[in-house]
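Got a structure here, written out as structure tokens. Questions coming.
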């Protein structure tokens, strides 16, 4: 019995949706469940000349992964530096705090001017989404590494570089990983904003916005569901690694 | 009982900390102590009297405000391979197996895997945990963890072992067991040991000499040699007599 | 275009593009919208509204016949450095315009392929092919390139309108009419291109090595570009000048070579934009050198000192005023009456425009003023 | 000397900006510093007929605060329920996980259809941004309340309602507060997306998009700076409350 | 020494836990014990033998698998105002002042502020912390915190005090001090006290009777009455004799 509880609410939502869709009978307000299912169940069919749901999803995932990796490649080293050195921290902190609240979407006009059309400016928007959570968690993770661990390493003869590689990084890894997970989630949420840029002529975000122009609400909802599912899948992947690789964190002490 | 060669000299060491509020706290005042090779010295004193501070200074982790430390005649200014420290709190690397925890000191010296694992095997046996080489620290009890910390310290073959209340977190039975095992290790490896505790019982059970410190700033109040042979019987008249003397020392104000 | 405090008014809603318009109309939040094609046609095919009038029929009577709409712009530096390339692109555009005027049905289908992959639009239990939509939209657009005197003075109207909207802050703000003309136009390109076409003699310009860019809008207004690319084989065979897509299987190619007399002289990236301003920004930073855009964004950019010139027209007319199905309006007059009745009843109409200062916005403001109806931005 | 480190990077950025702006000489690409300052220093001057920077900022803040309060009012009770009851948690969890990764921006078309143009749909977009962080932190905070605290209350005679009001809520408060802080931050970042909705004819987000239409890049940058500063100010406010009201959390144990 | 009226009866109590993996762990097996009014009983046993489990069952926080608990003849099925528990770990509410911590039990009973503060004042004085009513727990040492926990328990005027290793986390000196103070409180308030410890010294120093448990599953191994009057001298022959007897009991396997 209890095992069915998690699917109760989704079932209610689906049922409520279908009933409401029939009652309202306005595809702009709420398209019928079937029409959305039709889009979801034909993921390889071309939509509005913009490619299929599947191919656009693949493209979006590729872009997000790329932008995310870029963000991680910069945020992790910077975060380690800022976590270890108060001078570096003082140097960067104020600027980072100011830039952090600016939404990636607000960067669209400048991204376009600076990085031109194409992949670079899309990546920039995604990068912005992922960068700050990764950076802040890396700083926190590095600061949270037990001083004792570092001192043990020092008494056992480790030099600065070895302490970094063998103590700081593995010790901070679980928190950095959380940062990566959160960062990926936000990067993924930025894909719609990024694919609104001119020159992006594919991707899930583009497909949804383009479908809006022709009132194809069922395509928009299908896109939202795919975004939700992919986001969920990546989150689960990150959590799975967390559980299997960083189990020590929860069990420590 | 200072019969052997001099291993460690503490010369006029004092330490003053500056707190965040700009006040100063004097933790230690003019400590002089000479420890012979193979000697087992216990340092006893009330909480906050500077025991940990003293051990850290000896280990080269902190610098004394005045005075100096000599190990085998050489001044200590940084952590030295001649000494290994075992900390009050659990200090194993939770992301490493027992084997790789013990091997840490050898690894940072660049020793090859095969060689270091064979050495580690010896020390695992010494602390009686042969079967646990693949386990992670969180899978072990507190007593087992401190045994591994001891093995890790011994593996780099230091001349001096510095132990800061290593059994403080253990329950009474385990603690008694660990004390007996430590004496056995001391007997087998002939290390010089400096052992901090605030348990009178423990000090009397383990030490060749007991150094009793005053409350902060810590000074040496008295050095009590324990002539009683080993193994000691906790209810023997000699034991009870030394115990009463030390208890009197620390309860009178 | 000034707000009249007394008397009837209509609310103008800035819909920020055409995207939201069908939804807003279908959910009863607006009484109508004015949009470029093919989005005016979405309403009738989705059975959510009807087109009361196309833009050229807005008052004052016959004032907006052939009103300017989309234009082709080019950066001044490419005009100076590679005039031959510019001429060739103009030739291709003019030839393509001629073709789509003579082959409207085929062209509509090709444009449907470009804009929607010839796919179907689904609205509840209605499913309409995009070809059908374009078939309806196509005849309402006039495809012409000539930067005639009439057309130029029509453009000036927009400059004045934008001044009134207070969005001109640069060189076009206070300049005289002749200054405005010389800031906006370079009609010599059209002249040279027309000459080549008339002589059936196409000059092969020196090739440019760097990749160039053409920005365009997802509208059948820019059909001349789409047809040029889709029918490249025809143009190449017939005239020896064509825009050949790198990957002809794409329904919306994004890379094309300009071929003149069998020689590739330039490669263009084809960049679709949601709206003109982003394309003009891309022009300003030299990412695209040519843009098929509406005239207001081009003017706003020139006003800010962007070094581009308007070369020629792409189309005239081609926007439609859409109202909800239950509206009593059938043409402008009945629409105006409806607006007045509703204002009198205390429920003024709300009409969505793609953005403040867009062609459609300006046309509607003029028309309402002509009918003594004020506007209120909502 | 050290006190100037934080302003070094901002100064470098400003200097680099001005030099680049002069060199590039293209207001679309990078307007001159002065032109942005001119906008920032005349916050009360009307911009493009869309109101002043100041009045639009006030409007945006009002909207975000409203949407945020709405999110908190729903997320906190729901989170307490889900944190306390595994049935409630099972009932809602799957659905929440699916909805969470869908970016607020992707909801724009549906928001428009469902909540009509105007404040409601703007609030909905902002609500979506704030809701999930508040909910997840509340669940975590409630689950993290020490079982001992609850049991102490039970042995002292507290009933379920009292335990909720006097133990669970204050015990979870610091983590809930963190959720509120993060949620507010994201809500604030959603204001640009929300004010892109048709019918929004004021607010910082609107002003920026409108300025983009007419190539007024200096207004866009000024808007970004104001967004950054307001975001920073609110974050500081939240942190200040955290420090003064929930100081016990860091100092506990 | 069971001279007084019977206060507490433990009748055939056993407890079996089901672990997450579906295995079962028997923590207690057939415990029978009768405690008289005003009696001070210490429960002694190795780690994991079920001492905490037993105390929790008595307090009504857990239900026994078999058997029952009677307080003053009434069966215990839920926490009862007749008993108050002091936990092994610090259990004060860190967001409440000392005053409001102690007043908690009175507050949930709906007592008025003025009245409860006057009662709290009495108990603050009893535990010797008059000056600290406005302090927060994190400002106090471990010993002070446990004194407040005692005052909080006493304030609801229970007949029985259940104490689970309350001094386990304190250092030796503070621990001795707390033991003396507890005896004084016992003397003044005449409470019945059940005190869990694994320190033999502590048990011998405090108890009227010592209940020694076996390793898991905990059974009663022996009940040792301590006839020695109070205050006891830790080095007196009687003390040493009882201590040796108990030590022998727990070290032999």
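By written order: A, B, C, D and E. Residues from 1 in each chain.
FYI, a residue touches a chain if its C-beta (ideal position, glycine included) is under 8 Å from a C-beta of that chain, and two chains touch if they have at least 3 such contacts.
What you see is a predicted model; the values in this text were computed from it and never measured.
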| item | value |
| --- | --- |
| Partner chains that chain C and chain E have in common | D |
| Chain labels contacting chain B and also chain C | A |
| Whole-Å gap separating chain D and chain E, where each centre is the average of the chain's CA atoms | 48 |
| Distance from chain D to chain B - Cα centre to Cα centre, in angstrom | 51 |
| Shared-contact residues (touching 2 or more other chains) in chain B | none |
| Junction residues of chain A, two or more chains touched | 28-29, 109, 113, 212, 217 |
| Chain C: positions in contact with at least two other chains | 19-20, 23, 26-27, 278, 281, 284-285 |
| All touching chain pairs, where touch follows the definition stated at the start | A-B, A-C, A-D, B-E, C-D, D-E |
| Parts of chain D lying in touch with chain A, wherever the complex brings them together | 2, 5-10, 13, 28-30, 87, 90-95, 97-107, 109-110, 113-114, 185, 188-193, 196, 205, 208, 212, 217, 220-221, 223-225, 227-232, 235 |
| Chain B to chain E touching residues, read off their complex | 46-47, 171-174, 176, 198-200, 234-235, 240, 243-244, 247, 250-251 |
| Chain D residues within the chain E interface of the complex | 146, 148-149, 151-159, 162, 166-167, 170-171, 173, 246-249, 251-253 |
| Chain C contact footprint on chain A (complex, rising order) | 25-29, 31-32, 35, 46-50, 109, 112-113, 116-117, 196-199, 201, 209-210, 212-218 |
| Chain A contact footprint on chain C (complex, rising order) | 17-20, 22-23, 26-27, 39, 42, 46, 48, 113-119, 121-124, 126, 130, 213, 215, 218, 251-252, 254, 269, 271-274, 278-279, 281-282, 284-285, 287-288 |
